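There are structures below to look over.
Next come two complexes built around subunit A: one with subunit B, the other with subunit C.
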Partner chain A sequence: MRKLILLTPLVWLLAVSSLPAASSEADRLKGVINAAIEAVYGDGCAELTLEEKQVKVRATLESEYDLDVIIRRAIGRNWSLMNAQEQEQVLQLVKQLLVKAYVKGMNGTSRPEVQLGETIEITDKRIEIPSEIKMDGKTVNVLYRLGRMKSGWQIYDIVAEDISVVANYRQQLDDHFRKGNGQDLVNKLKELLIKEDIDEEIQL
Partner chain B sequence: MKKYNSNHIFAALLLCACGITSSLHAEDDFLLEENLYGEQLEIGPAISDPLEFINRYTFEFNDFVYLNLVEPLAKGYQAVTPDPVEASATRFFNNLKYPVRLAGNLLQGRLDGAWVETGRFAINSTIGVLGLFTPADKMSGFEPIPKEDIGQAFGSWGLGEGPYLILPLLGPSNLRDLGGMLGDRAVNPLDEPFSAIDDWSWEWPIALAVTEFTAASPSLLERYKRLKGTAIDPYGSLKDGYTQFRRAAIQE
Partner chain C sequence: MNNRTIEFLVGCFVLAGLAAVFYLALQVGSVQLFNQDSYELKARFSSASGVNPGSRVEIAGVRVGSVKDVVLNENFYAIVTFQLPHAIQLDDDTIASVKTAGLIGDRFIALAPGGSGFPLEPGDTIVDTEAALDIESLISRFALGGIDGGEE
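Showing the complex of A and B:
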């Protein structure tokens, strides 16, 4: 009997360590999505500039998820083709670009409604959370792929309407590094951010 | 000297086991960064693009046309068309594409899909006033299903994509989907050059095509600009986006 009692912690330890993907991950994701939407559509946000909204959205996302993970996966093996300074610059510029695209995409649209589906456990280290986003009478299906990393569950891909963001960027970056280098990529990203600003000015 | 009984030894072993187990799990339970970042993505075979040089020129041409001609057209159309009318026009042209969806389903042996599409066409064309409305959406068994076309059917038969193509004005495609598109036109009684209507003058098909294009342009342009907006290489982004989308449609 005593041995049985002594065995309890071992059984508990094994059970806990092999727990399937925590269902709370969907709640965490939902919380972040809602907070990011709130940062754009919340009370008082209408007066904020696009830049201020971007700062809020980025802080919201980074408070829960490490955005480096999805960007590093998109870069793939091309990472080793850049020096440390270029790597850091690329991470920062891509983050800026993505957050800017998100805020710009939401600008002037009605507040989206997001519905998360059941969490799908791919392995004990990978889960997928489907979602349905309704905005301006249209429905978009978005799948979030999360991996269990040392830093916790992290988003490593987003698949919107069957198009993987990571695969799409990987294709572009593979093409880029066949002819160009890290510095070219940094320059291209900077150009793209400036070009986006010009486009906004023209629209205004 | 202190004596140890079997329970003490068992407890000590158990603690050791717990320690080893937890440290092993600490390594095993996580995705390693080098694995996650370095692994090949499951995106199927590489996209064949031997005509990249020509495609890129066509892409630039299309981009110019989309942003300088189609965008003003789309904005003008949206400005003068109330939202409900715009939505009805889109539904009307979607309804007319029924023969394409029917053929796509039949060629893949999807009889249930063919049945649903036929039911939807019948309901939307009658109760829905020529497809301006879609009452079938709310009828059990006739809710919208993924759209099928002949290119998808070719893909489901195992026909390869062939080289990636950018078609003037029409945008991304590949050799298989170009063949599928010709098939789509052949089964659609309203599309030229295979139109089943002999006695209409040449202005009608052109007017129909222009109206259809105008009605579809706002949403097409929105998708195009969204994909292009954050792209490091818009050409590569569109090529990959189109191919991923088509492969997923065929797999489904």
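Showing the complex of A and C:
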């Protein structure tokens, strides 16, 4: 009987820890999205420069999610074609580019409204969270794909209007590595970062 | 040449003709009788419009397999089953997309191989997919505008 009493909380804990983190992950994602929007549109942010906003947005995103996951997935098998130094440089440069494109894209627009839908459980290791983003009278459907990894639940792809960010960049990177190498990619990313009028959709 | 020889030759000719028709039917229907060299994978799409049994599966523009079956699951997702040769091993971060050959051409499945190092096993399902781009819907949204009343 005593054994049973001791085991009950353990069994309950195990059961709870193995439950899909569907609802909590949606809350976490919503929190990060709101914080990233707040970093651009919040009180006192109007006076910040674009660079300062980029720092805030990046810190917000990295406080909850590992951006390396989504970038590594986009690079795919080309990852092994780069040496350790190039890999690190590419990760850092792509992160800077993505955040720069996000802040630049939001600049001068009205504050977006984000509505998250019901979480879809694909497997015990993968979930999808659909969302609807309304900005300047336009509505965009965005699907966040999350996977359970060693570091916890991470966003590994974002699908906007049925177009996967990872698939899009993987195709571009595959094309790049057919004729170029890691150092060429680093140089190209550095050029893109210097460009003032960076496009929201980065073309490598 | 006696009658028996002629009848035998005609019989052989008819049999050869039937065999040719049978082979043609198999080829047109993309049926594989001896598919020991291939394995099956599945992909889950929110829309697999235009993809049918026999549709091609491509990697880097090269045909590597064909669609065997397209069914609807209980959650109203399209589950596409396709065959690939054993020589092609894909990782679990492979992305499957429904593409169109040209503007109004046939729909096919394009695979973008990943590099996670965790191979997909026969029968596994690819869940990282891109549905077919609905050109008619895009045109109508462009022409008629969105229902939210904003400028598209």
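Rule of thumb we're sticking to: the second predicted complex is superposed on the first by the 176 of 204 C-alpha atoms of A that agree within 3 Å, B and C clash if a C-alpha of one lies under 4 Å from a C-alpha of the other, contacts with A are read in each partner's own complex, and residues count from 1 in each chain.
Everything below uses one rule, namely that a contact is a pair of C-beta atoms (placed from the backbone, for glycine too) under 8 Å apart; a residue touches a chain by one contact, two chains touch by 3 or more.
Keep in mind that what you see is a predicted model, and the values were worked out from it rather than measured.
J.: When the two structures are overlaid on chain A, which partner does A:Lys134 contact: first (subunit B), second (subunit C), both, or neither?
T.: second
J.: With both complexes superposed on chain A, which partner does A:Leu97 reach: first (subunit B), second (subunit C), both or neither?
T.: It touches subunit B, and subunit C stays clear.
J.: Going by the contact rule set out at the top, does A:Leu189 touch subunit B (first), subunit C (second), both, or neither?
T.: It touches subunit B, and subunit C stays clear.
J.: Answer with first, second, both or neither: which of subunit B and subunit C does A:Gly76 touch in the superposed model?
T.: In the superposition, A:Gly76 touches subunit B and subunit C alike.
J.: Which holds for A:Ile122: it touches subunit B only (first), subunit C only (second), both, or neither?
T.: It touches subunit C, and subunit B stays clear.
J.: Scan A:Leu173 for contacts with subunit B and subunit C and give back first, second, both or neither.
T.: Only subunit B is touched by A:Leu173; subunit C is not.
J.: Using the superposition on chain A described above, determine whether A:Arg145 touches subunit B (first), subunit C (second), both, or neither.
T.: Only subunit C; A:Arg145 stays clear of subunit B.
J.: More residues of subunit A in touch with subunit C or with subunit B?
T.: B
J.: After lining up the shared chain so the two structures overlap, which partner does A:Gly108 touch, if you call subunit B first and subunit C second: first, second, both or neither?
T.: A:Gly108 sits against neither subunit B nor subunit C.
J.: Let me test your reading of the model: by the given contact rule, A:Gly44 touches which partner, first (subunit B), second (subunit C), both or neither?
T.: Neither partner.
J.: Starting from the residues of subunit A touching subunit B, keep only those that also touch subunit C in the other complex, and list them.
T.: 73, 75-77, 79, 126, 137, 156, 162-164, 166-167, 170-171
J.: Can you list the residues on subunit A that touch subunit B in the complex?
T.: Within the complex, subunit A contacts subunit B at residues 2-3, 6-7, 9-10, 13-14, 17-18, 69, 72-73, 75-77, 79, 97-98, 101, 104-105, 124-126, 137, 147-150, 156, 161-164, 166-173, 175-176, 185, 188-189, 192, 196.
J.: Would you tell me which residues of subunit C are touching subunit A in their complex?
T.: Interface residues on subunit C, with respect to subunit A: 44, 46, 60, 75, 91, 93, 95, 97, 112-116, 127-128, 130-131, 133-134, 146, 148-152.
J.: Report the residues of subunit B in contact with subunit A in the complex, numbered from low to high.
T.: Touching subunit A: residues 7, 10-11, 14, 17-18, 21-22, 25, 29-31, 33, 36-38, 41, 43, 47, 87, 226, 229-233, 236-237, 239-241, 244-245, 248-249 of subunit B.
J.: Quick one: in the complex, what on subunit A touches subunit C?
T.: For subunit A paired with subunit C, touching residues are 73, 75-80, 120, 122-123, 126, 134, 136-139, 145, 156-157, 159, 162-164, 166-167, 170-171, 174.
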